[in-house]
Amino acid sequence: MMFLSDNAAAVHPNVWEAMRAADAADSPYDGDVPSQRLDAAFSELFGRECAAIWVATGTAANCLALATMVQPHGGVVCHREAHIEVDEGGAPGFYLHGAKLLLAEGEGAKLTPATIRAAIDPIRDDVHQVQPHAISVTQASEYGRCYRPQEIAAIGALAKERALGFHVDGARFANAVAFLDCSPAEAIGSADALSFGCIKNGAMSAEAVVFFDPAAADIARYRRKRAGHLQSKGRFLAAQVLAMLEGDLWLDNARAANAAAGEIAGACGDRLLHPVEANELFVRLTPAEREALRAQDFGFYDWGADAARFVTAWNSDPADAAALARAISGL
Amino acid sequence: MMFLSDNAAAVHPNVWEAMRAADAADSPYDGDVPSQRLDAAFSELFGRECAAIWVATGTAANCLALATMVQPHGGVVCHREAHIEVDEGGAPGFYLHGAKLLLAEGEGAKLTPATIRAAIDPIRDDVHQVQPHAISVTQASEYGRCYRPQEIAAIGALAKERALGFHVDGARFANAVAFLDCSPAEAIGSADALSFGCIKNGAMSAEAVVFFDPAAADIARYRRKRAGHLQSKGRFLAAQVLAMLEGDLWLDNARAANAAAGEIAGACGDRLLHPVEANELFVRLTPAEREALRAQDFGFYDWGADAARFVTAWNSDPADAAALARAISGL
Amino acid sequence: MMFLSDNAAAVHPNVWEAMRAADAADSPYDGDVPSQRLDAAFSELFGRECAAIWVATGTAANCLALATMVQPHGGVVCHREAHIEVDEGGAPGFYLHGAKLLLAEGEGAKLTPATIRAAIDPIRDDVHQVQPHAISVTQASEYGRCYRPQEIAAIGALAKERALGFHVDGARFANAVAFLDCSPAEAIGSADALSFGCIKNGAMSAEAVVFFDPAAADIARYRRKRAGHLQSKGRFLAAQVLAMLEGDLWLDNARAANAAAGEIAGACGDRLLHPVEANELFVRLTPAEREALRAQDFGFYDWGADAARFVTAWNSDPADAAALARAISGL
Amino acid sequence: MMFLSDNAAAVHPNVWEAMRAADAADSPYDGDVPSQRLDAAFSELFGRECAAIWVATGTAANCLALATMVQPHGGVVCHREAHIEVDEGGAPGFYLHGAKLLLAEGEGAKLTPATIRAAIDPIRDDVHQVQPHAISVTQASEYGRCYRPQEIAAIGALAKERALGFHVDGARFANAVAFLDCSPAEAIGSADALSFGCIKNGAMSAEAVVFFDPAAADIARYRRKRAGHLQSKGRFLAAQVLAMLEGDLWLDNARAANAAAGEIAGACGDRLLHPVEANELFVRLTPAEREALRAQDFGFYDWGADAARFVTAWNSDPADAAALARAISGL
């Protein structure tokens, strides 16, 4: 009964099916039929013109998006615990050619206009200090917290006011939209680009980067090739993304994961370090308690000395979630 | 009847099967069982200790390999028509942080010790000129020509003599080994790293980079993550590579492609611009002749004004190859 | 009697004097009075608004200029023998973050619209090939040849037509303008930026980069700091540049160097490999002849097996030039 | 009466004299006589073999030194308030090709083995997090605090234990050694490279980078050229550095600056935010007090809302220092 992460879960049957259907040779790279359908599919989803490209990882998605907004001598405002800062092996430094991450604070790994200002207002407007060129937020955040539409709108407004690019890392965007119960467009506000995560949500090896400025997408296409991310059988990636969108599979899968998380959360009471909004739980548990759970065959990561992280996935068995809930209640 | 390229061909059934078998959740990234088997599988194949990592494209494979040999202020000797120079969108400049490609000549897009020396001996040994740090050759070359074991050994010896790294781009390594009928080890000589191509040969989205120096592989693992190429469901890539190695599928597939190319070559006579050794044919054909072939439903690329390129694949239908041979004979 | 290079010649007395006059403490970096005068001085020189920054070397000047025009995934068209390609130790690869130099041909190391087109027209307009973002020419060229106003205008027109940036490397711009006897503005046409050389022409350690787009200068100021080129006692660099402009010292110095070169050229007849327009001579001389000249205490570099390069400087003694002329005549 | 900074002070007469003496043409770049003397001069100063290169700024010195120790995918441990983090416009990101600064704490902007460990021990030893490759300390620190020999030795020992490079930013190294009254060697311990500052201490435009590993110096020479920092009239930079070393001018100048700072410090009592060890004073002063001092014609920078920074220089007039001391006493 695995609650280690959603990032290695099995692939959804619909995704498999779409991949098999794409087997027949088609144009290489992104000249194939499924790849050519991405722009329209995301334009429909977001209710406005956009351009979308597939890419194999969230790290590449984030970095390709940011590279269209940030010059090498600039910086990206992000949360101190953002994935791009903590867990991407320095990829932003690579893709942005040495640009700097400018760290901001915020509860639940969420930025606010106030914490962003606190990070950038002290930067002297001279050449000795790295100037911000963009803001990046994570929806849902590293602690599974979701930006409400008005929160994301306020950050977008600040970005506009300061002439900064605005990127949303949506590795778990589906879980956020499922929780917020709003439109995808409302969940990103005036973002210039979104990393639209699929892999944690039932795909195998395809994320999408959605650009709301077609010129940015053009640049990203060159950068994708230059980063060795333009696969010759790209149709298999496009097929995965389209399968996720088809019939709102992306939302159904996220709702299932969120429901499992909610089931477990119900048993955690004030053990919870963060309110559970998406599919991650950060739960105060002593070493002995964690040992007890592991003895019952539950898999999860320690989170510091006194807590654990549980992550549900699209295919988490409700019975497993219920079992975990009972086990925690029984501690 | 498609002879456009092998790079978008269908995926071999064994590869599909191995991918399906890998569906059950396993450790993320490359902690899974199939990924952990790669080192041993390639050590056996090459008869010496090596370390291997998967990656999604040949471009990434080449660049990650070179990045272990070349400092940012150095250069890579390669053929003027090498893929890394001509067709990778500047990826080497990105991955090597501005290092330079130092272009050399050679018939059939093959380097020789003499052409390498001709390229590097005039470089003044001072800080004003970019010094070579590595040599990269393509086996089989961009014109489908194969380095004989003694040829590759001679280049390896030169690399050692000059203290240069030595990389083999093996996007079509299987076709080369199938043609040379030698051991894989003989086909790369003293190379420090090999891009072992699978995608053109029946895989979907996995190449391997094989390092004969474990320290280099360690660096490459960091660089792979930093380049956004460490997929969380990496087991699906490892499974593809292992399926290609299993029972020598990689060689069987290459032999089939080579055989189809040979069948067509037999009909081309002195139309051939290059001897056909692997699975590519460069054939002198007037515009009218090309039109005639296309009217018979053959697909291929023009190669300049007076020639065409045909590429066979692991699944080229022998009947199609025979039909093309007849059509060319009949021109 | 040294004709090795102008790049290590003594510093002109006026430059020394200006530097001494700048000794008293002033604002650091480029907040000092002399630095603040640069924009106006160059705006007057070129008869239109421009922004100018000092920098310590021609390599940094060229690269900072180009970095405002070329994205990391793009390329710069330059001559195969351009300084940025041959003699800057890979600096463009560093400053442009891996962008590529796209090499073009042209007699006397001068590009023409035709040779530029020949270099870029074959580049497929797709992500697999590096697209040109800028053109860089050298005025005077590496062989001391000067672009006539109409020639430079034609290249500028091509740059505009193709939406490319246009940079002029003017390491010996003074010698070119002295030869062309035209206005500085005519000698650069519609260039977006000029590396205005001073060091080879009597300064110690200051070149200027002149930007005709103020937004580009703003970027270059950040990039200059980021490259460690923003000196805290920048007033000493500004003073050098202003001293060169004052009373047209830059042109007087260049005329003296050109005159010395002309004196020598008169004795060379058909030994000249290139017409002498600026202050460099490329002279066919056998090894024995070169030995004979060196025996008479003339210093110069060999230029391949059968020629020599002589360079005159602002302070070349006319008597030395006459002596060299006589010695060559007497061979 | 200027106490703004030492970074724009006048040039010492001995330095001027040495520069004038270097005027006669010599070999370009660093082939000249003064440049060739640097290695020996610093080897004598430090009592062991070393190799030294000149460079025009402290930023370039720091970055070239670090580039020999840190791979692009690695990180540099430095203090949160280190110059490389705060005031170099992102130069480390540029020179290190995206490597990351890993921030550590410490009183007075000084690191300790404990604060370094606190910064790096939590870094997971996997490819998802940037691993430390080097430690950089500033001697004297950004608050004018000096590492005692045993303190620097302890950090050096930690660097060795963890196989990290060890760099000392010595922009005000002279002031530190003058304060510590130890040998230069003791002041850097087992550092691999030192940025030996001259500009703040009476030079015009030359710092030295001293490498205790000759292989590192070789790499740095290539990187210096590649960064556009190899000046063709490099003899003028070498002459400055040698003039500073000659007769221990560097120490005499630093002692004068330190003495002036000490004079002022004596009047500051518990207004001092940091003990005064070198030539910088951070003094608690209300806005009104600062206004009063400025009305008496003292120049200095505000340091936050309630303090001011005063910096003395090699040429601070003792009378001015005494006057400032009196003025502060009289507040």
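Per-chain numbering from 1; labels A, B, C and D assigned in written order.
In this section, contacts are C-beta pairs under 8 Å (C-beta built on N, C-alpha and C of every residue); 3 or more make two chains touch, one makes a residue touch a chain.
Small disclaimer: the values here were computed from a predicted structure and weren't measured.
Chain pairs A-D and A-C differ in how many C-beta pairs they share in contact, with the greater number at A-D. Here the spacing of subunit A and subunit B, counted between their Cα centres, is 34 Å.
Subunit A and subunit C, compared by their mean Cα positions, are separated by 49 Å. For this pair, subunit A with subunit D, the centres built from the Cα atoms lie 42 Å apart.
The residues of subunit A that reach two or more other chains are 72-73, 88-90, 93-94, 97, 127-128, 222, 225-226, 230, listed in rising order. A complete topology is adopted by the chain contact network, contact being made between every pair of chains.
Per the touch definition, subunit D reaches subunit C in the complex via residues 2, 5, 7-11, 16, 20, 23-28, 32, 55-57, 59-61, 63, 88-91, 93-95, 199-200, 204-205, 222, 225-233, 235-237. Across the complex, subunit A meets subunit C through its residues 71-73, 97, 127-128, 131, 219, 221-226, 230. Those residues of subunit A that touch subunit D in the shared complex are 72-73, 75, 86-90, 92-94, 96-100, 127-130.
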